[in-house]
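Heads up, the next two complexes both have chain A, just with different partners, chain B and then chain C.
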Partner chain A sequence: MRWRAEKHTPFLLLSPAILTILFVVAIPLAFSLYTSMTPYKLTKPDTINTFVGLRNYVRLFSDDKFWWAFGRTILFLAVALNLEFILGLGIALLINRITWGQRTLRTMMMFPMMFSPILVGFQFKYIFNDNIGILNNALQALGITDGSIAWLVDKPLGMISIITAEVWMSTSVFAILLLAGLFAMPRDPLEAAKVDGCNPWQVFRHITLPFLMPFAFIAMTIRSLDVARAYDIVDVMTGGGPAGRTEVLWTLIARVGYDNSKMGEANAMAYVSTLLSVAFTYYFFTKLVAARRYMGGAE
Partner chain B sequence: MASINLNTVVKRYGKTEVVHGINLDIAHNEFVVLVGPSGCGKSTTLRMIAGLEDISGGEIRIGDVLVNDLPPRKRNISMVFQNYALYPHMSVRENLGFGLKIAKRPPDEIVRRVDEAADILGLTELMERTPAELSGGQRQRVAMGRAIVRQPGAFLFDEPLSNLDAKLRVQMRTEIKKLHQKVKTTVVYVTHDQVEAMTLADRIVVMKDGHIEQVGTPMEVFNHPVNTFVASFIGSPPMNLVPARIAGGEVVLADDTRLPVPGRLAGRVTDGQEVILGIRPDDMTPVGHGIHDSGEGAMLSLPVELAELLGTETLIYTRLAGQEAQGKMFDPRDVEPGEVLEFRVALDKVHLFDAGTGRSVRLD
Partner chain C sequence: MSGALKKRLSKIATWIATFLLMIVMGVPGLWVVLSAFRPNREIMAKPAIWIPENPTFSNFAAIFGFGDAQVAIPVLSYFTNSMIIASTSTVIALMIGMSGGYAFARFRFRFKNSLFLGLMLSRAVPGIALSLPVFMIWSKLGLIDAKLGMIIVYVALNVPFTIWLIDGFFRQIPKEMNEAAQVDGCTRWQAFWRIEFPLARSGIAAAGVFAFLTSWNEYALASQLTRSTDSKTLPVGLMDFTAQFTIDWAGMCAMAVIIIVPALILTFLVQKHLIAGLTFGGVKG
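Moving on to the complex of A and B:
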């Protein structure tokens, strides 16, 4: 019996994994790649048989709306990640100095991560609401403003509001990873730097921060994937509007794919978005590997 | 270049006092070794000099400047740590030059001084490597290089060789000695290894439980220990200490073995005084096997329990008045357990300590 041959055994043993990956990942991926090259509309299933090559991609690249969403996603990513890094670093440094109640604070710090993004979105939608929102109420009660500010409608403010919600929810990812880094940090180099003539800021800048960077890059990798596919929080707060002012890639993709039922075009966008995520992950991962190299084996 | 003065320096952690009012004057360019068992306060004292620990009481002066409230960077010192404490993300060159860079020295001066230090320590080939790519001995050398590059007033060493293997430790010990001869600077060196202390120090400071027990040159500390602790701590193998009593001008051991009281100590003891007899293994040597018996000293017949051949000498484990004791035989031959040997005790080198206080009777 040829099937009994020993060289087939590994494949046989791996077949559950291979089949799962095939049906769950590979086939849908190939299928969506194919549909991104058809004018596939959900309302006209036959259109899936018309092959149009790269026409969807060509149309996409000459579409201003797409490029705006693309650029806004990158801006969203850059601002949110940097803010989260800086705030997370601050929180981690503060918690690291606490000697009493550290565990409790560490747990409390994680609370925002435990909420669903949908709920966080709703919460901030109410905070930022121009009629009944608590923020406008507070500003007016304190006499800082007279009229109401349209937080979710105004052009730059809409994006700022969404970023605020995102930062509130996910800063603790940075904080917890950087805190782990601070706990793992050896004390000797810090003391050596003090003796070598560093003031506290220089110790932080030249010794602590470089040591923490690998941890920051891990957080960046995780978070860049998260933010690049941001959909729920944006959809709940503004739905990408008004007039597309807060449209990011995935809200646009959902609109084109499901509302306009142009699945072919939406899939083409999704592919571009996936490549963007891969690019970010690759970038941070290279940085991480470079930063880790000198840490390996060092005492 | 600086002297270091400690004036009744105290260290407390909460209510626990770990260093009890230490006084110590270290001269300019002197190599001083703080030695003692772990927990004796030697590292804490060094870290107070460095400014890495607060001083709970007393005064520390470096080069006549009161440094009690100065941060480490303003004390003009450099330190070599037990775990090397290299900066893992910097190359050897950057590690060496870091202190100068922070001090904002001009780049060409940094390069010159770093190259100089690298040359002294044989690091020239390793300049572009990171600490992770170095062996233990190389890391140790970089740590020392980082210290000398800055040309500080004083070097502080905190057990720098304890993470190295035995062979490398001996080699680095020699290098530190040579380095001090090349780069004349005040050095304070902490170790628990009395051999390092003996070989490196101009002066040894023996510490125990937060007190200084004795300060002196290696020969003083070795030849004239002030008490039983110093006697047993300095010297390897340690001094044999046997309880005894003075009776009729003789030292009488528990099993009625009698040795005459050495002439130089005759006036220092009184009849009936309880004492501890101290004999270094080197001063208790078997005779009659190729070694001529000069007839000096006192003789003891003792059975061999165990013999350790060390090459040029053999360490003999025996029992003196019920106490474990060691002697040294400089006659290379096999010794069988149970064999009875005639040991000659060099009486002029015998020590007597008061049994109550542990102090050498020489001092009373």
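Moving on to the complex of A and C:
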């Protein structure tokens, strides 16, 4: 009898969590899937009853605008995440070297992570503003340029500005977790390698980096959970404009769904973006589990 | 080059790099804070005025509706909404997270790994993508532009991560402590409250702060599910300052400070535990 009770306890403990996720995520996602197969428009409520199968998806996949936004999203993620990893690694190695003020620096690094993305976006919108931004003012004061560079308007600059904001906000995730990895690293293998005559690069490449990988995967998993936070930054900085130059998948969803009230099409797009995020998280989560198993074996 | 000189040079390089890092990290936020205390006139000045000449509190007075306010933005109700929504959803998410995290840390059961993965993946759904169906369902249920609607959404948003963190903190506590207490005559429930909960308390507080800030900072869902002063939160309210062609920079900076300050204080209080929670929960399988 007691054994039976034990068997059900974990499910009882987990039921509130499961119910919440069902109600707020799973059921709405199922509804979203259905809606994506209707021509539903907010202005014509009846259209939700018309089932059109995959028509929205077919239309989407033959739409240049969608593919541009999709490509831009992938490019944005690839550039931002790689930069964040490399910079984060550099910062972690740097802070690991200094002895004085290490804790203060680590605390400081937590702050961008805890900032609201909307604030980070606003902050950089202010910095990059062509007329009153501190960046143009500084460039003019230093005599580098006379005119005002339209950071948020010109073609590659808009995306670069947005990526800068994103990297500023999220590099700390990597830096902090990699630094924690460096702190946890055993000294013996490092000493042994030095005694054996390895140069610093070899030590880094063959001892430090493999040890840090699980920490990098934790950071990647955490980041993959909220990459779509970038929507806030883009929305506040450029709103996807001007003329769609910085349009990413997430801003396009909002525009089609809420501004044009074409909910059917927007839901189809939302499904694509959801699958993208979920696949991304799944990939890094399995990597993390594998790394965990490897570390467990080493213990 | 002699060894001593080389060492010295590398030390100087480290300091220069650290200094640059601090500038890059600190200046953007600092500039917003400084601008919050300057009149719009000074912000717009050409050539730029670098050091504030007339520090003033008038931006704050203006957004709270005192003095000669040009724009009356109900910052006070946004602040109250944010506080109510963020703290209520945090408390609920913590209770759900504690019970779920304990299950993952202490029990073996079927589908354990898939359930954990499922919870994590639910968090990966982009806010804006989730907002579409939630918007449609919430309008049927009358939860649009209601604090309750936002609270429910934020609980679900915070549960997966809270479980991850709290699971990690419970794992650090040896199972034997609970078993010993049970041998001494405690029920499992009593053993939890007397032994494990007090030991994991600081970690749970860190998870709570993380959840609070997630709700405090959220924009994608809130911008679509809220409409008026009944439920609009601070991040959504910040966009009130952006009219079609003009932006009230000074007002926005002042409001930004109001959003930043609680985040700074809370982060400072729990940063140590938060790092421990993120790494421990992730690494020890």
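Going forward, the second predicted complex is superposed on the first by the 266 of 299 C-alpha atoms of A that agree within 3 Å, B and C clash if a C-alpha of one lies under 4 Å from a C-alpha of the other, contacts with A are read in each partner's own complex, and residues count from 1 in each chain.
The working rule: a contact is a pair of C-beta atoms (placed from the backbone, for glycine too) under 8 Å apart; a residue touches a chain by one contact, two chains touch by 3 or more.
The shown structure was predicted, so the numbers you read here are calculated from the model rather than taken from an experiment.
S.K.: After lining both complexes up on chain A, report clash or fit for chain B versus chain C.
M.R.: fit
S.K.: Which partner does A:C198 contact after superposing on A: first (chain B), second (chain C), both, neither?
M.R.: The answer is first: A:C198 touches chain B but not chain C.
S.K.: Please name the chain, chain B or chain C, that touches the greater number of residues in chain A.
M.R.: On the superposition, C touches more of the residues of chain A.
S.K.: Have a look at where A:A254 lands relative to chain B and chain C in the superposition and call it first, second, both or neither.
M.R.: After superposition on chain A, A:A254 lies in contact with chain C alone.
S.K.: Contacts for A:P189 in the overlay, against chain B (first) and chain C (second): which applies, first, second, both or neither?
M.R.: first
S.K.: For A:I132, using the defined touch cut-off, is the partner it touches chain B, chain C, both, or neither? Pick first, second, both or neither.
M.R.: second
S.K.: Check the superposed model and tell me the shortest C-alpha distance between chain B and chain C, rounded to whole Å.
M.R.: Here the least C-alpha separation of chain B and chain C stands at 8 Å.
S.K.: By the touch definition above, which chain A residues appear in both interfaces, chain B in one complex and chain C in the other?
M.R.: Common to the two interfaces on chain A: residues 293, 295-296.
S.K.: Quick check on the complex: what are the chain A residues that touch chain B?
M.R.: Counting only chain A, the residues touching chain B are 186, 188-189, 191-199, 202, 206-207, 210-211, 291, 293-299.
S.K.: How about chain A: which of its residues touch chain C in the complex?
M.R.: Touch list, chain A to chain C: 6-7, 9-11, 13-14, 16-18, 20-21, 23-29, 31-32, 35, 91, 94-95, 97-98, 105-119, 122-124, 126-127, 131-132, 134, 137, 140-141, 168, 176-177, 180-181, 184, 214-215, 218, 221-222, 224-229, 231-232, 235-236, 250, 253-254, 257-258, 263, 266-267, 270-271, 273-274, 277-278, 280-282, 285, 288-289, 292-293, 295-296.
S.K.: Of all residues in chain B, which touch chain A in the complex?
M.R.: Of all residues in chain B, those touching chain A are 50-52, 71-73, 77-79, 81, 83-89, 98-99, 102-103, 130-132, 139, 146, 150, 156.
S.K.: Provide the residue numbers of chain C that touch chain A in the complex, in ascending order.
M.R.: 14-15, 17-18, 21-22, 24-26, 28-29, 31-32, 35, 43-44, 47-48, 95-97, 99-100, 102-104, 107, 109, 112-113, 115, 117-130, 132-134, 136-137, 152-153, 155-157, 159-161, 163, 213, 216-217, 219-220, 223-224, 235, 238-239, 249, 252-253, 256, 259-260, 263-264, 266-268, 271, 274-276, 278-279, 282-285
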